[in-house]
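The following pair of complexes shares a single chain, subunit A, combined with subunit B in the former and subunit C in the latter.
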Partner chain A sequence: MQEFWSQLGRKLAALWRTFSHNRMGMFGALLVTTAVLVAVGAPYLSPYAPSEVIRDANGRGMTFASPSVHPPLGTDDAGRDVFTQLVHGARISLMVGFLAGSIAMFIGSLLGILAGYFGGAVDTLLMRITDILLVIPDLPLMIILVATLRNLELHISPLVVLVLVIGLLYWTSTARLIRSQVLTIKERQFVARARAIGAGHAHIIRKHILPQIMPLIVANTVLILSTAILVESGLAFLGLGDPTKPSWGTMLNFAFSRNAITNGAWWFYMPPGLAIVWVSLGCVLVGNVLEETLNPGLAIHHLEDESRMVARRPEAAPP
Partner chain B sequence: MTRRGYLARKIGLAVITILVVVVINFLLFRVLPGDPVRSVIGRNVRISIQTQHALREQFGLDKPVFPDQFLDTVGQWMRGNLGISWSLRRPVGDVLVAKLWNTLLLIGLGQILSIVLGVALGLVAGWKRKTAVDMAALTFSLIAWATPTFWLGIIFLAAGSTWLGLPTGGIVTPANVGKPLYTVIPDLARHLVLPTLTLTILYLGEYMLIMRSSILEVLGEDYILTAKAKGMSHWQVLRRHALKNAMLPIVTLIALNLGFTVSGAIYIETVFSYDGLGRMFQTALVKQDYPLLQGAFLLLAVSVIIANLLADVLYTYLDPRVRAT
Partner chain C sequence: MTEAPLLSVRHLSVDFIMQDGQMGHALEDVSFDVFHGQTLGLVGESGCGKTTTLMAIMRLLPANARITTGQVLYNGQDLLSLSERQMRDFRWKEMSIVFQGAMNALNPVMRIDEQIGEAILLHHLMTRSQAARRVGELMEMVGIPRERAGQYPHEYSGGMRQRAMIALALACAPSLLFADEPTTALDVMIQAQVLELLKQIQEKLGLAIVLVTHDLGVVAEVCDSVAVMYGGKVVESGSADSIYNAPQHPYTERLLQSFPDLNRPAGSLVSIPGTPPRVTELPPGCRFEPRCNKRIEICATTAPVMLETSSGHRAACHLCQGPAARF
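Now for the complex of A and B:
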């Protein structure tokens, strides 16, 4: 146990040394950290409550007040402070993104390990399932899943529905990645030796395979996180979020459907989008750097929504 | 494995995927609470119990769900009968086909533009690696990836309609519906500018990146060196050897992108109120018009699956190196 922690500590130190030299990665880390800090400190960053109507001297609600009238970000169609909504929305967006990403990571890692380690029928089955899931268009499928789940009257919070649906559909890239990694590790000597002395499957997985792929799981999770935040904002924009707990996507939904564009209220529809880009970009930068540092043997396609990683082996089919 | 074996596998997979889509579609419908009879006869209609029973029998709703109802429904779907839309009181199939062409126009234009521009820019970026052009292109791709589709659409809508006088939505100005083509087409073009621009900018980044990495890979190959040694100019090398081979991954990317293009279309059409499949999908969702939603999903999913299959088939003819994975 002691061995594990000291090994981990050394690995982390080495990782940090490489990471800190990478300007893009550090910039990404900065973006993500500020977003997390804003989300955590949301109630302290603004004196107003998110649903509190700002009134002027005559007691009338100040609807669509520009930032020059009401700093820093003006008010929305009902007179609520946009900045407050933005920082509170950070909590919802990041929370949903993180939870959905975690579910996707968990399912993907589990299935990837099982497929890679046991191979054979399990592997083929998993590969077919990922093939099928990849071809079906994701947004329409998610929309009807969310719509159906919400209409089942199960009294689940709409945010939980979103988390579940996103998590259940975005595990495929993680599974493939982990599977190919496990396949590589399985070929190595120490696994054969462990089997020879009679070690059980669970033991081998826990002690030998898991520590090796942990860093990769973390790196991939960060990338999945950026996709999850984008997808959540998209679904929320279409109206599938929780209007009582607005995320950035829901804010954009409000801006769009409540005529912020017609009224020229750029302070209502620009900031949430910028925030989404901010966090998403940060996660992508950090995730890419982590992947490059942790596994230089893989060729990476950075900008596909699936964050597909293709193992660079001579006998692999062309992409 | 031979090419025929590869193709057979791909076709098999496509068939299975369509089956999965059909099953999902069917199950979701059945899982919803409420009387299935209601969903057949529409909402807010009072019908006596006897008539309801008769309807049940007529539509086969008293038979067991599986296999009878399942096979009946699937049979209907295969014949093109996707049910009746609750909100529009018209057959779903008719509604979908009418909007399909609009969406194809939008997506087609956007894809063609983004492919052409993306390949060109990717070529330049890869050819002049590590220069300012390359760095700018990479940064652009990265930011474009992290930008939500609909948000960019909103910005363009606001900017375009305020400063450029472009229309705020719809597919043609209502006054021009039914007018002769020479009136409609310029109007249509004006309405298409902003949505197409948004789609193009968003997909540009991906094509550019793939083209760039593909070109870089190809340029590192031996035969390029040979060509240069033979005395060919840069441009000749490019045109005769590099370009063709570098374009191969683009075909795969187009196929992969089809699913995402559909998603993009849903967002763009919603933002620009463009009268296509995407917007209809969104409207059906808001109005909770399940037959329409189901039909639209079926159509979208099956189209993407078939298009993917076609792209796979095309690829096997373009790349002689293809073997089974």
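Now for the complex of A and C:
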């Protein structure tokens, strides 16, 4: 296990050296990092609690106050500070996205490795399950699942329900990706050699397959994260979030249901919308650049692009 | 020979189920013996079943292959009757493989010392620090400086990789070493060095070696006995001397002629026309019949059996089986 981590460490260090030279990737990393910092430091960034009503000098609640020095992003229909809700919403959105993404990643990697490595009946069974999940439209399925789980009165937090539903449905693309990669690795001769030295399946997967696909898993996790955050926002917007712990999606739901748009209170719906774009754009940029650096096959070959050719085509010969 | 063989392969047959459902007979009735401290050369064209034979002995055949008949006796114990668990313990501890193409057989993202140590630790032969010392000793035995053990395969030259592969094969001190074309893709100088190394190690450790190759020059240099394979069958076997000086099977004869020899006049190099049969379309009689320049009527219909032609020398050809065997 120690070797596994040191190997992973070396790989990540090498990855960072390439990654840090990519401007798009670094921009994405900046977006994600700021969002995470805001989420972590939310209580310190705003003097109010998310549900606290801001009152003016006369003690009246300020409803739909437009942005000014104070409050910086205005207030909502109940007089609560939008900025405070935004930074606290970052915690919920990122937390749900991260947990759901991790679950999806774990299931996807596990099933992908099992299907790819063992092949045969295991592969057929796991991939048919994947196919079935892939062809069912996600959104209606999730709405039904979340609603059903809530009606069961299981006394679990609505956020946990969201995490589970997203996590248990969004592993399909990962499973296929990992499976295809494992299929190519397991045919390499060093895997046959590992079998010949007397290694069992668990050993081969752990020491020869996993280190090779780990970078792919890392890159895919970041992409799945963005999907999970987007899906969470979508479900929360449809009213399936936790109203007592508002995420960005819940804020949009409030803004929509309380006529922020007809009231012209753009400061109520623009910030959470932009925040969602901010984070998912960041994740997609980081994920794509990671994928590109880790899978050189995706890069443009220098022979396909004339400007990158070392030896240029000779100029037309002078007459 | 009165001594019991270390490894005795008896009537080994392997079938492949092809993608289109056809059956391919990759090996049929393969038999040979390997004795303690000796080298057997397994010779034949590409695709004649040499590597399949090794993989069948180690029980590492792909999922679509079946061992249909035969025995693989190692010190008298039939390996084909062992459980997968027992077989896993057995591999590398008793017999190991020097793979062809060391670059592919080494994990590109693991250091060489990790890969050699992996084999030792898998079999719980010693502690981590003992294993590290053993890796150093092995590296020196194959002529690689200890301090380069911590490098990756791509930092090695082709010859060094093959040496590292040999060190890896010796990690658990096996009694039998399979060398699967260990000198392919190496230049002639390095080939000679690697063969010399194998010979040295054999003398030092008393290993038995099965050398798989299509290079008869290599066989002449290092082998005590030879088994010639064609189309999944052993067609001739005997001591290296008798095979070289008095080949009985026309295939062996022509194989020898197709290698350059300084003592023969120039222009005597001949090739064997045609290609080896496909495992799904084997000729009904002798498998070499369609390409044989000495074929007679019976060859097309009846497969010849292995018969002793002189002491210790056996061949499967109708021509060398005397008039009684012919009709």
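We adopt the following convention: the second predicted complex is superposed on the first by the 284 of 319 C-alpha atoms of A that agree within 3 Å, B and C clash if a C-alpha of one lies under 4 Å from a C-alpha of the other, contacts with A are read in each partner's own complex, and residues count from 1 in each chain.
Just so it is clear, a contact is a pair of C-beta atoms (placed from the backbone, for glycine too) under 8 Å apart; a residue touches a chain by one contact, two chains touch by 3 or more.
Predicted, not measured: the structure shown is a model, and the values here were computed from it.
Q: A:208 in the overlay: touching subunit B, subunit C, both, or neither? Say first, second, both or neither.
A: After superposition on chain A, A:208 lies in contact with subunit C alone.
Q: Which partner does A:200 contact after superposing on A: first (subunit B), second (subunit C), both, neither?
A: second
Q: First (subunit B), second (subunit C), both or neither: which does A:61 touch?
A: It touches nothing on subunit B or subunit C.
Q: According to the stated criteria, A:233 is in contact with first (subunit B), second (subunit C), both, or neither; which is it?
A: first
Q: Between subunit B (first) and subunit C (second), which does A:132 come into contact with in this model arrangement: first, second, both, or neither?
A: So A:132 only meets subunit B here.
Q: Examine A:281 and indicate which partner it touches, taking first as subunit B and second as subunit C; both and neither are also allowed.
A: A:281: touches subunit B, not subunit C.
Q: Touching A:120 in the superposition: subunit B (first), subunit C (second), both, neither?
A: second
Q: Between subunit B (first) and subunit C (second), which, if any, makes contact with A:188: first, second, both or neither?
A: Touch status of A:188: second partner only.
Q: Per the overlay, which chain contacts more subunit A residues, subunit B or subunit C?
A: The partner that reaches more residues of subunit A in the superposed model: B.
Q: Would you pull the subunit A residues touching subunit C in the complex into a rising list?
A: Result: residues 3, 7, 11, 119-120, 188-190, 192-200, 203, 207-208, 211-212 of subunit A touch subunit C.
Q: Which subunit B residues qualify as touching subunit A in the complex?
A: 13-14, 16-17, 20-21, 24, 28, 31-33, 141-143, 145-152, 154-155, 157-158, 162, 205-206, 209-210, 213, 248-249, 252, 256, 258-260, 262-263, 266-267, 270-271, 281-282, 285-286, 288, 293-294, 296-297, 300-301, 304-305, 308, 319, 321-325
Q: Using the touch definition from the top, list the residues of subunit A that touch subunit B in their complex.
A: By the definition above, subunit A touches subunit B via 128, 131-132, 134-141, 143-145, 147-148, 151-153, 226, 230, 233-234, 237-240, 249, 252, 255-256, 261, 264, 266, 269-270, 272-273, 276-277, 280-281, 284-285, 301-305, 317-319.
Q: If we count contacts the way the header does, which residues on subunit C are in touch with subunit A in the complex?
A: Those residues of subunit C that touch subunit A are 58, 60, 63, 88-93, 96-97, 99, 101, 104-110, 114, 118-119, 122-123, 168, 171-172.
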